[in-house]
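What follows is chain A paired twice: with chain B in the first complex and chain C in the second.
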Partner chain A sequence: MKIETAAHSDYTVISIAGEIDMYSSPELRDTLLALVKKKAATVIVNLKDVKYIDSSGIATFVEALKKMLAYKGKFKMAQVPDRVMEIFNFSKLDKVFNIYGSIEDAANS
Partner chain B sequence: MKNNIKNKSVPPKKDKDKDKDKVAVSAVYLRNIEKKVEDLETIIEVSSIISSTLDYSKLISLIMEKAKHIMQAEACSILQYDKESNKLFFEFAITGERVTSNLLLKERVTLDMGQGIAGWVAEHLEPVIIEDVYLDERFYREADELNNFKTKSLIAVPLVGRRGLLGVAMIINPKDKSHFSDYDAGIFQTFCVQISAAIENSRFHTESVQMEKFRQGLEIASVLQKSFLPENPAFTKGNLHVSAANIPAEKIGGDIYDFIEPVNGSIGVLVGDVSGKGISAALYMAKIISDFRYKSKTIEYPEVVFNRLNVGLSNSPMGMFLTAAYFIVDVNTGQFTVSAAGHPPFLWISNSGVKIMDIPSGPPLGIIQYEYTSSGFTLQSGDRLLILTDGVFDAKNKIGERLGFGRLVAYVKEHREKESLVQAIVDYLHDFSNGAETSDDITLVELKWK
Partner chain C sequence: MESAIEVLDLVTYYGERKILKGISFSIPTGMTTVIVGGSGCGKTTTLKHLIGLLRPASGSIHIHGKDIATMDDTSLDEYRKKMGVLFQGAALLNSMTLAENVALPLREHTRLKGSVIDIIVRMKLDLVGLSGFGDFYPAQLSGGMKKRAGIARAMAMDPVILYFDEPSAGLDPVTAAGLDELILRLHQVFKMTVVVVTHELPSIFKIADYVIMLDKGEVAFVGTLDEFKKSDKTIVRTFLERRPEEESYSPDNYFKIITGA
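Then we have the complex of A and B:
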């Protein structure tokens, strides 16, 4: 798994590539919690290059989402690949996350 | 060798025939040979010590004493490399005076990579011989000051094992000459191979002891976790026969199933899957199952139980959540209501075929506030419901290919006449994975209406 962070004036984009599973999710958690600690107003996770996500990976996003909601921060997802979207739909996580087609859409919403 | 022979002193030949096989050698040459033999014997002795004990401290002290003796050195020290902090710290320091050597250890003197001669050796993974350390800018004088010891000449060698850098060993100040020779360096490097082997052996031993303790702990945890699940995985109540199978991917897992009797004449069946797996999932599963038993008592509506559970799990640690389906079946009429929370669809097997029941569902429990709903149905004679966790269709074979939901449904369609679908699917998964490591917990519950 590879993580890239790009800070913009009013939002931060976290681009993830590869597999998000039990072994790689702690690194992702560290990245997201560092933003939560700074009370980042808007975080957009770009999942375009994610090949696979398991429930540990989803829990990492859930934790960031819950912590950001607590201070009224916005946690958004963009460019979710079909394979990952299937998992989200199957688990009704589409009711949990705000999902956008592009980073621009996520940033402008 | 040639040089030695050239310098040898030749004794007078009194009896030509008697002495014809004798070769006279110089005293220096003999002393050198004797020293080499003695060194070799010590190295062999150290080898046998290494293979006979796993007491790391004893072993290293002994090897270092031997090194100090054989090399006629004033002091010897070992710095261990700590991968986490990327630093070297003094682990053993033997000098003639025990008090001074203890100071280095007591003060926990550490060196960064590249700091001091030892740091340089660790960084470059190259041994060094230094004639006068005070002329070498890499030398870290504070260690001498702290120790009240004057380092003059030294040999420092990186200790490298199969998993990389272990530390640095140093032999300090020869007693019988001003500085160490290349021969000394060769001998000390041989010692260092032994020291590295001793450190690795001892680490492997410690790790295997810890692994064994952990394994025993897991065995106990596994028994404890099974005690949270229903005592009997199969029973009949009224017209309803229930059977279940639960196979954790590791010794313990985060899948749940439970049977309760919320009110007279009905059976509640919960199937759930905690996010993640292993110890954290198992501990959370234990909390959820006790919450569920408490919150489902006397409640006839599955959605009410889910709403209560969802509130109870809202402060879940590290974003953990539960996907679940909860059925309450009237064992006399076959009517049932079901609520789903992000759980895979269940299968309804009847005389007319197999139906995928993708009922209206809320998100997994423990994430957001949500009003769960339920759906109501009635079972007919011979109908069966199959409820499962995603580990069933996420099962992988040896080439990493997943079974997939579609293939599972196709299998059920083809084998719906089997007496026990639970057992048939467990066997099918076993054949499919064909020895491939189980990647997720597997739970299957079958409800059969007479």
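Then we have the complex of A and C:
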């Protein structure tokens, strides 16, 4: 798994590539919680190049969302691959996360 | 058809008695394979070999290319992390709540933080329709709920292969049908390889893509569900039409058995 962070004036994009699993998700958690600690106003997670996500990855996103909502931060997802979306739908997480077709859409919403 | 599991010439004994007599079969990746047969045919013994609980006397069991029959214990433990098992009696730990049962493999085998594990546990319980039951103990649940909780724990580590040993055993027909529906949905969404040991005809027809039939420790049939239904093999017809087997020994033989002659 590779994580790239790009800070913009009013939002931060976290682009993830590869597999988010039980072994790699703690690193993702560290990245997200560092932003939470700084009380980042808007975080957009770009999932375009994610090949696989397991429950620990999803739970890591849920935890970040919960912590951001506590200080009224915005946690958004963009370019969710179909395979991942199918799991979100089944787990009703499509109703939990704010999901957008592109980073631009997420940034402008 | 890519194989997740390749069993070749598997032989095993319980004491002097030969239970599996050199069975060979493949289990396709991403499908639901049902291992069927009458009581005592070797279904559960085969399953115990597939999950590495028993070591065969001879033969090989290649799972995703690796032979677990000859694997050392450390490698076998790694393999087990990628599979989930629902045992016949659900095998929940009675002194733990459902949430603690589901969390156990995650706490034992990963370095995930407690807060992440708690979310995974709630997700898994929700998957099997047990949201809100995390604080219940197994003794407070019905048979069907215990099975569902067992599935939640089996799925805790996101297995690539999920095994079920007689999932409908001891359940009423409606609860059993609900469990079949759950197995089907989990398989469709998570695309896992699912292996189910059962002798319940409604379950077989509902969930199977592929059928392996065992009889007296030998493979009697291997094929798709359609091929199974259409098979004209006597053993398959006997099973599908629920005909009792003929007496396997004569009165003279029976006399010898009970007198120990």
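Note that the second predicted complex is superposed on the first by the 109 of 109 C-alpha atoms of A that agree within 3 Å, B and C clash if a C-alpha of one lies under 4 Å from a C-alpha of the other, contacts with A are read in each partner's own complex, and residues count from 1 in each chain.
Operating definition for what follows: a residue touches a chain if its C-beta (ideal position, glycine included) is under 8 Å from a C-beta of that chain, and two chains touch if they have at least 3 such contacts.
Please read these numbers as outputs of a predicted model, since none were measured by experiment.
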**Prompt:** Is the arrangement of chain B and chain C around the shared chain A a clash or a fit after superposition?
**Reply:** clash
**Request:** For A:5, decide between first (touching chain B), second (touching chain C), both and neither.
**Result:** neither
**Prompt:** Is A:22 touching the first partner chain B, the second partner chain C, both, or neither of them?
**Reply:** both
**Prompt:** Touching A:96 in the superposition: chain B (first), chain C (second), both, neither?
**Reply:** first
**Request:** Mind working out whether A:109 is in touch with chain B, chain C, both or neither, as first, second, both or neither?
**Result:** neither
**Request:** Examine A:62 and indicate which partner it touches, taking first as chain B and second as chain C; both and neither are also allowed.
**Result:** both
**Common interface residues of chain A - those touching chain B in one complex and chain C in the other** = 22, 29, 54-56, 58-60, 62-63, 90-92
**Asked** Can you name the residues of chain A that touch chain B in the complex?
**Response** 22, 29, 54-56, 58-66, 90-93, 95-96
**Request:** Within their complex, state which residues of chain C touch chain A.
**Result:** 106, 109-113, 115-117, 119-120, 123-124, 126-127, 156-158, 185, 189-190
**Asked** So in the complex, which bits of chain A are touching chain C?
**Response** 21-23, 25-26, 29, 54-56, 58-60, 62-63, 86-87, 90-92
**Footprint of chain A on chain B - complex, ascending** = 273, 275-278, 318-321, 323, 341-344, 361-364, 367-368, 370, 390, 440
